[in-house]
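Look for chain A in each of the two complexes below; its partner is chain B in the first and chain C in the second.
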Partner chain A sequence: MERCRLVFSGSGGQGVITAAILLAEAAVLCEGLNAVQSQSYGAEARGGATRSDVIIADGRIHYPKVLQPNVLVCLTQEAYNRFASIVRPGGLLITDTRYVKVQRKVDAQQRELPMYRTVVEQVGKPIVFNICMLGVVITLADLVRPESIMKVLEGRVPKDFLEMNQRALQLGVEMGNAAKA
Partner chain B sequence: MGNTIKFVQGNEACVEAALYAGLDFFAGYPITPSTEIAELLAYRLPQIGGKFIQMEDEIASLCAIIGASLTGRKVMTATSGPGFSLMQEALGYAVMTEIPCVIANVQRGGPSTGIPTHVSQGDINQARWGTHGDHAIIALTASNHQDVFAMTVEAFNLAETYRTPVILLFDEVVGHMREKLVLPAAGEIPLVDRLRTSVKEGVDYHPYLPREDGRLPMSDFGGVHRYNVTGLVHDMWGFPSTDPQTVHGLLRHLVDKLENRANEIARYREYHLEDAEIVMISYGSSARSALHVVENRRQRGERMGLLELQTLWPFPSEMVRQKCAHAKSVVVVEMNMGQIMQSVKLAVAHPERVFLANRIDSNFITPSDIMNILRIIQGKGV
Partner chain C sequence: MERCRLVFSGSGGQGVITAAILLAEAAVLCEGLNAVQSQSYGAEARGGATRSDVIIADGRIHYPKVLQPNVLVCLTQEAYNRFASIVRPGGLLITDTRYVKVQRKVDAQQRELPMYRTVVEQVGKPIVFNICMLGVVITLADLVRPESIMKVLEGRVPKDFLEMNQRALQLGVEMGNAAKA
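Let's look at the complex of A and B:
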C-alpha cells in the first residue's frame, strides 16, 4: 500500500486518540503493516483541540509525526478551523455535520457526514461516535478491513459493549461506501 | 510459534524489556513523561512476585533500589529531568559503592520543572557530570521501540557486568509514541547474571578487592558475609580510608573500568556511511528525523549518511573519529544546545567541520528543520 498519513482531531473525550490507536494497532497486529501513532499531550490535549497522528506504511517509518495528512478528520469546529489547511492536496477531509460548519474549500475531497446523528439515532449511545468515524475512514481511504478493527476492539472492550461497537463500525462502513460513489 | 508482536508506547517497551532482563524490584515516583513505566510495573511486578514501591520522592526512590540491589535484586527506577536532578547524590553513591542499578530518564524540557509534556534531549551532560567528583558512567539511548527493548536489556547486563549504575536516556517522543514491538523469545537475548563470590561463610570476604579481570564478585547483603558499604573512599574491606595509594587506586578503578572499555560498551547503528561526504550524528528520537533526511537525499544521489549513537557515555570517541574520517562535514542533530556536539568535536580530527543542527523550542525537530540547516552549512542559504 501507499504510505498513508492521517490526523484525527476533535475535542477531549470524543475518542479521537482511541480511534487512532485502534487503527494503527489493527494495521500492525492484523494486517502485517507498519504503523506509528502519536498524540499531543498536556493542557492542549484536555478539551480544546485534541490531535492524534497516525502513519501506516509497508516499509519503515522514520519521522513519526504528520505534517500534511492524506486523511484529515475534524470532529469539532475548533479542530476544523485549526487544522483544515494542513490537509495534503488531493487528500481527504472528513467532518461531522453536527459539529462542523465547513467554511472554505480546500484542495481535497471533502466529505461532510452525519456520523454523530446516525450513531445517536441508530445505536442510541454517542460513546461509539469515534468507532463510526473509524468505519468511514477505513472505507473511504481503503486502509484496513473492518474485521481487523473488531479484532483489536475485542481485546480492549468489555464483551457487553462489543455489539454496540460492531454496529457503529458497520454504520460507518455503510456511510463510507455511500460517500465513495 | 512466532514471536509475540505488540503495538506499544516506548515506555511500555522499556517495561517489557526490564521484565525480560529479570527486573524484580522497582521503586519510583511517577513523573511525566515517564509515568507509564511506573504505572505498568505497579501492575506487572506483583504478578511475578516482584516488588513495586511508590516512594515519597526521587531521592528515596534511587536509595531504595540501591539497597535492594545490594541484597541481590535486579533493580530499576524511572524518572524525568526534575527527578533525575534529585537523584544525583544517590547516583554518586551507587558509582562509589559499585552497586548495579538502572535509571530510566525519559527526558522532557528543562531546566527545573521546564516543560513536562514536551520533548528535549537536555539531560545528556547531566547524566555524565550531574554527580560530583571524578567518575565514569554508562548512558544508553534508542530511537525506536525494538532498540528501546534491546538497550534496556543491555542496561541491566552492563550494570551487572561492570557493577555500575546505567542510565537510559530516552525522550518524550520515543516514550509516548506507539509502534510495533516484536518481543524476543526467552533466551534470544543473552542475560548477564550477577557475579557472586565463591567465598564461603566464615571465610574473609573482601567486597572491594577486584579479581584479576577487574570484576568485583558480590555477596548478597544480609546474607552470610558481614561487610561495610560507604560512600567514603574505602579499602578492600569497604572501610573508610585516606591512604593516598588507596584513594588513587579506587578513583583509577572507578574511571578505568568503563573508560578503558569505551569501545566494548559502544552500541550504535550506521546508515549509508560507506561513501558519505556529510555524516550526520544523532541519537534518540531526533535520529528518526535525521534518518528521514538521509533516506530522502540518498534517493536524489546525495552522499549523506547517519551514525546513530546508542551508547552516549562513555563517549565512543575512537569509533566516532573513524566513522567521520572521510567526512567533508559532520552534522550533529540533537534537541539541545550541542551537548553531544561538544564530545564529537573533541573526538574528530577536524573539529572545524562539525556543525550543530538543533531545535530547542520544545517541538520535535522535523526533517525540514534539518534540511534548512544543511543548506546553510553548504552555503546555499535557507
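Let's look at the complex of A and C:
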C-alpha cells in the first residue's frame, strides 16, 4: 500500500486515542504493515481538543508526526474548527453530524455521517462510537479489514463486550460503503 | 522542570502504552506541562516487544521520538535485551525482578524491583502491574504527583476499579521511595 497519514480528533473521552491505537495494531499485527501512532498534549489538550496521529506504510517510517493527513476525522466542533484546514488537498474529511456543523469548503472529499446517532439507536451504547467511526475510516480509506480490527479487540476487550464492539464496527463498515457510492 | 525522556517497554498486554498515556495526560492536565507520547509498531511489535515513548517538558517539543531515554523501563527479558543499551548515560533503568534477569552493566542507575510480585501479593490483580510501575517511575524520577495520576484514572477507570488502581499506585510510590534511599 501507499503510505497513509491519518489524524483522529475530538474531545477526551470519545476514544480517539484508542481508535488510533487499534488501527495501528491491526495494520501491524494482522496485515504485516508498519505503523506509528502518537499524540501531542499541550495547550490543545488543556483546551479540550484531543488529537491522535497514525501513519501506516509498508516501508519504514521515520518522522512520526502528521502534517497534512490524507484522512482527517473530527468528532467535535472544536476539533473541526482547529484542524479542518490541515487535511491534504484531495484527501478525506469525516465528521459526525451530531457534533459538527461543517462551515466551510476544504479541498477534500467531505463526509458528514450520523455515526453517533446510529450507534446510540442501534447499539444503545455511546461508548462504542469510536469503533463505529473506525469502521467508517477503514472502509472509506480502504485501510485494513474489519476482521483485523476485531482480532485486536479480542485481545483487549472483555468477552461480554465483544459483541457490541462487533456491531458498532459493522455499522461503521456499512455506513462507509454507503458513503462511497 | 527539565525535559524528561522516557521509554516504557514490555510485551503487549502488560499495559505499557496505557501507562505512558496516563503519565502524559497527568503531566499536561494536572501539572501544566507539555507532553508527547508515541509508539512505533513494526518488526518489534510483531516480535512481541512493545515500546512506548513519552517526552515531558515545560516548553515546546518538536521531535516526538526518544533516542536516549533518561528513564527506561523494561518489563520483559526481550524488551531488556533489545533496549537496555539505549538508556542515557547517567540515566535510570528500571526492571521487574519476575520478568527480567539483568545481564550486563550499563552506565545508569539500575533498579531491579519486585513490582509484579508485590502487586500480585498485595492487590491480587496482575492487571494493575502497570500502575504500580508508574508509581515507581514518578517517584524515582520525580515527575508528577500520584494525585495527578489518580485524577486521570478517575476519568478513565470504572468506579469499582479505582481502589485497586489506587493501591497499586501507592505500592509503587512506596517501592520507589525505598529504592531512592
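As a working rule, the second predicted complex is superposed on the first by the 176 of 181 C-alpha atoms of A that agree within 3 Å, B and C clash if a C-alpha of one lies under 4 Å from a C-alpha of the other, contacts with A are read in each partner's own complex, and residues count from 1 in each chain.
By definition in this document, a contact is a pair of C-beta atoms (placed from the backbone, for glycine too) under 8 Å apart; a residue touches a chain by one contact, two chains touch by 3 or more.
This is a predicted model, so every value here is computed, not measured.
Applying the stated clash criterion after superposition on chain A shows that chain B and chain C collide.
Contacts of A:L67 after superposition on the shared chain: chain B is touched, whereas chain C is not.
Once the two complexes are laid over each other on the shared chain, residue contacts for A:I131 go to neither chain B nor chain C.
Shared-chain residue A:I94: touches no atom of chain B or chain C. When both complexes are overlaid on chain A, the residue A:M175 reaches neither chain B nor chain C. Judged by the touch definition given at the top, the superposed model places A:Q39 against both chain B and chain C. Of the stretches 148-156, 238-246, 274-282 or 328-336 listed for chain B, only 148-156 runs into chain C once the two complexes are overlaid on chain A. In the superposition on chain A, the residues of chain A touched by chain B in one structure and by chain C in the other are 21, 24-25, 28-29, 34-39, 41-42, 45, 61, 64-65. Touching chain A in their complex are the following residues of chain B: 5, 7, 32-33, 116-118, 172-173, 176-180, 285, 288-289, 291-292, 295, 364, 366-367. The touching residues of chain C, counted against chain A in their complex, run 12-13, 17, 21, 24-25, 27-29, 32, 34-42, 45-46, 60-61, 64-65, 155.
Chain contact summary for the complex, chain A toward chain B: residues 21, 24-25, 28-29, 34-39, 41-43, 45, 61-65, 67.
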